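To start, the structure under review is shown below, and the notes come after it.
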């Protein structure tokens, strides 16, 4: 193995008073909550890209991290990177990981070479997964970094690039399938536009719909029975991205008859960029029946771009997990840390400590959410607010017509008096579980 | 008639060099563009609420306008207000107007009294419309200002308030129908939530869906064959509004089987608040087949709330009308000025001059858009960009499966080279038509 | 007394496990932290305007609250309002309150009548303050609600309105002085512009500067030795407000020679609207020596206007109080709840419960901040990061010239290696104190 | 010379009807406006970085441009780049250019090597400038891209990096001086913080102040009499940047006694990110006496990051130049295009066409602004609005004290009636000059 994390022992649960950067204070994987160990609720996954492929660059500066696997253009170094990655998974005790093709293998000179590189790494992953017990939460294809994708993948004006995207997703899905991945994710980073002036939005939308249908059919064909997930994001890198938010993706799925086949992978930072709270997107996906998995991170509320920071605000995370628990928890999905170090956090220990803090924040949040659900007062208050709708008369009205609904009012018998929404009392109630 | 606008003559077209605040420089209603007079392209409507019902208040201050029809709690003054309104319509030469029930009549002590007040005003409008030739673009119900609506109308936790909303919309639709309105609009200002904590989003969404179905059925029943329109807005007054944007409304309509029955009324300012450009929302609605009508105004880009200013940037407005012209123009829809004076603009002449500037901005924009469409270079560039998709091979690929699309790439024959998107050249091209 | 809060007993500290909406779980006023009782650290004040003068309206709807003191145009009802207000202060046990003239008295037909109304209420307050022990944290003048202020007060184009502002502030400062107020606040809600086109920004800035100098001189003259505070806000109600943020106010004070005479009253929501975190504004004010007092509330991160909600996120509030404690805590300043109920929270008990939750959030935050400061690890890490600057050589370099600083580098002896900023480790450290 | 722009002739003025991408329709350099040729009003400069050093990457993708001078790590290719750059300057006929050290030379292994590379390129520029007549508007140092600057330059916690910054600026200023640069610019891209937790804001601010004083002193010492400019930006790359906006920079300059020595270089996109309009920042800088130069570009209003697009909205640009003309126009400053191609605009001709469109937009805007100023109606309306302040009584009041100002109101003689702000009429007036 690599000595990149030399001297760092596996992180253990040490209780709330545990000292140091490298102990869990809230995440005891075996702690049973609502009848299930925490690890099975949270289903943590580490993301290959931010932790191992990103080099610390931003729009105004180049790499800050100097890693033993840089530059990332060589298969030997790709394996050193894999060694370090699995070392981190082991240290953290995360049960899952996630990756794009481009994270794990160098780009080849041709498609075939890139694909061969990918499968060589897949073969390299196999024994490591066996040995560590770390499983694949999901795989995905990077259809946004290489210059060929600059104008989109499935939505590209050039059918050859659509074909290239098809071949790439086919390879990545096969890789995911081979590694027993539980989901396959599509993030359409360049599926959108920079300017409406050169864009045929209707045509591109139809291309995207067909592509998704083809991907789903292919999954069936090869026997991949994991969940297909779309990850909404409103913009960045493009000016406008077609998978704007949960509601937009839902309309798109309905249009292409995929609303029961495809679910969403919701990211906190993307929700914020779209003008929503994370819990809004989760609750909406639950109500629409398309809640699949989450990308956990946090977006700076004062920055207008995707900052992908590690979560650290327990009250906020609590509200997110509360919506997930109300949906019955994850099935194939999980909590993927789509979070990256700040580019000034140069040390290997920063990578471990950042995940430890994030995992603890999530564990504390989930436990608070579970207490809130078990206690039942919040749900009781909600139910009480709508109790009027449980009457037979109200139900009949909803099944009737406008004139029927209007009749009582027209007859003069209805002068409704508004009742307090009790928002502050409910907010205070939530704070009791933290 | 009132002497509120005493001394102000009907506004006439005076050509680009016309002087003074009260002449059109771009809007000649009879000028034929793309085979149709401008007035039939633009179909201008004045909005009763901003110009006649709003008193100049904002969250930090009360009324600034002192109008002869204040306070607005009396039927006599409601008629003085109507007189002034039709006087303005006549001075501006707008072919249409729009109103909410609450704009035109005082609230009564009971539902019946409010409804009777409404119909009395409807009767008062009739001869005025006859005399001036001004028609009703659309009517609507104000389901957001009175305290009874504070927690929603159709989505209210109290079924009595749902009933009250039904009765109110029934009355407003009947009023609209009597006056020959060409559309009926629903804006769900309070259909959303202030906090998820007290909200059953799934239930409220179903209530909203049923309500809309009931409204459509009722329109059929009474023989109202105008278009039913939903007006998207992401938030304000609520934290989150269910009719967030065009894409969200589309998914909602699909869910309730109304996507061919209901269209959208898109407002510039609401598009901006949702993180979109106006032209994006228009183009998307066109592609989804639900483009109905527009609320023209402008939102301050540096303010985070709905500023409802009169449009004055011709290049921006041009891009909006270009998308409308590409859709074939308005059918029952039109250009409603959902714009209000700044609260410091106290003089009656401000009301006229603001509309004159807005109408001129729209006319200049529409004419530039028409030139751009007639010239055809922009559309030619767009078509050329996607030309590759016109080949039989490309079409077959789109109808085929993933493996088929991938095969050519896997065989090594495809190494696509990206082509310039030419954004700046297209932007410069657009500037030529202005 | 009024029976508005009938049946609500004074709120007591019940410990973390206390049940119900009306017990403090974190705020024990007598608990000693860093050598001082909590009540003297936090110096809570209730705000008259949001809790007693605001009627529940927003830009899309009218009043929702129906209070015994409505309508607010009568001296008798103003006294009923005062009775309820002091009843709330007593129930909450807040040591302070704050008010604008317009909150407490009806507007008169003339300036003299308004002023007489104010002083009559001041006289009514006196015995109540005596009896309850509640003191005045600050008084202020409402120079933004009445239509006369629509184009500004001190910055108005009309010198008569400047004069009216002078007379109004003079009266309010005298009222504040009589009541033993510890600060006097100026919030320039209309001191800014709606459009640059009609604005002489340089002239208005000079008017504002002179006005502030006149106010300070007058305070000296009448022997008011409280602190004069300016409250920054970037916009709303105006498009641009001159007192944009702390940095802007500082430059303004420097220009008029008032940077040691005037301090700032910083509001969380205003910081957010200006694109800053609350802790940023606090830290900057501390470093500039102008930190005076705070308006505690929270702004919805997804809404672009001032939502003035009660604080409820302890981790965020902790970071704010940490900066205040680093400044040595409040002197004449305090924690004013510039927070209002949601307009759906109709019940009197909502008013009490909202404050209880807010006070508890602040107490929990302050106690966590105190632990963090006492523990010292965060400050040690900060000091260690800058330790290089403590060397004599580094200090000499800073006192020297550019050529001197450059010389070592030019000589080839300096190839600096960046060090980890440790952001995630520090964020995790902070979470330990919560 | 290079053949990068082979086949592209120098761009000429062809009048409003000129066809094709490569003719000016508004910019006739010799056209006299307000007594001065356009070229001397606009003082256009091309920016080396965006057009020649940026390779088309963004946070989600790598380079898209493939230029003959890539990779940029070699002196030979740096000269090919310089050849292409001067070729573009010649084709466009821009009188000026601007550069950072890192744009023009490869980074060396040591400081000395980097500096020598810079001076070798400076020597290479000399004859090219002679031959083409293109002058240097300003030079600057890139203190943000290399990993050594990740935690700041002058504000770094490490004094060695401060020293490195001093040596770098010293070299860049000398290079600027040798080339006859008319200004020297400082943009503190990393002078700010990612997290307050590890930041000593007061200390960093003092370091920045001392650094700026040292830079000014050094300019005097070497006889550089160009203007020293600071470029404000609120954030990005950092979470918070110290030179947030014009008002913040002003307070900073006052604090270090540099408000008459240093001016600002204002960028449209940075103004937008800070929540201001461009014209606001320009007007404020003018009123504070620190308006120096501009970085012309445009920021997408729906994107929360710095998009640096070429300007193309004439009405907006008109308002900006109007403020500049009101300041008397540029002295040493000018209009630098801090604008980059969209990363999909791959062709060399895109580079030329984008600048042509931008220059035309600026020329059209400046000419409209000049007409507006010459016509005088806008200024007359502004003066009329404040006319009341011209009376002796009003002036005396402003020089007097609060009691004096209040006296007339207290005596009952003043009941001011607000007057219309006429915003819409003024906006319409502006539209007449376009």
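Which chain is which? They are A, B, C and D, in the order written, and residues in each are numbered from 1.
Assume a residue touches a chain if its C-beta (ideal position, glycine included) is under 8 Å from a C-beta of that chain, and two chains touch if they have at least 3 such contacts.
Nothing here was measured: the structure is a model prediction, and the numbers come from that model.
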Fewest touching-chain hops separating chain A from chain D: 1
Relative orientation of copies chain A and chain C, as a Cα rotation angle in degrees, nearest 5: 180
Distance from chain D to chain B - Cα centre to Cα centre, in angstrom: 38
Whole-Å gap separating chain A and chain B, where each centre is the average of the chain's CA atoms: 36
Multi-partner residues of chain D (each touching 2 or more other chains): 64, 147, 150-151, 194-195, 235, 240, 275-277, 302, 342, 344, 418-419, 421-423, 427, 430
Contacting residues of chain A [partner chain C, same complex]: 21, 25, 64, 272, 275-277, 301-302, 310, 312-316, 341-342, 344-347, 349-350, 353-354, 356-357, 360-361, 418-425, 427-432, 434
Footprint of chain D on chain A - complex, ascending: 56-64, 144-147, 149-151, 189-190, 194-195, 235-237, 239-240, 273, 300, 302-306, 342-344
Contacting residues of chain B [partner chain A, same complex]: 110-112, 115, 147-148, 150-151, 157-164, 166-167, 169-170, 194-203, 205, 207, 210, 214-215, 217-218, 221, 234-235, 240, 244-245, 247-248, 250-252, 254-255, 274-277, 279-280, 283-284, 286-287, 319, 323, 378, 381-382, 385-386, 388-389, 391, 393-394, 397-398, 400-403, 405-410, 412, 414-419, 421-423, 426-427, 430
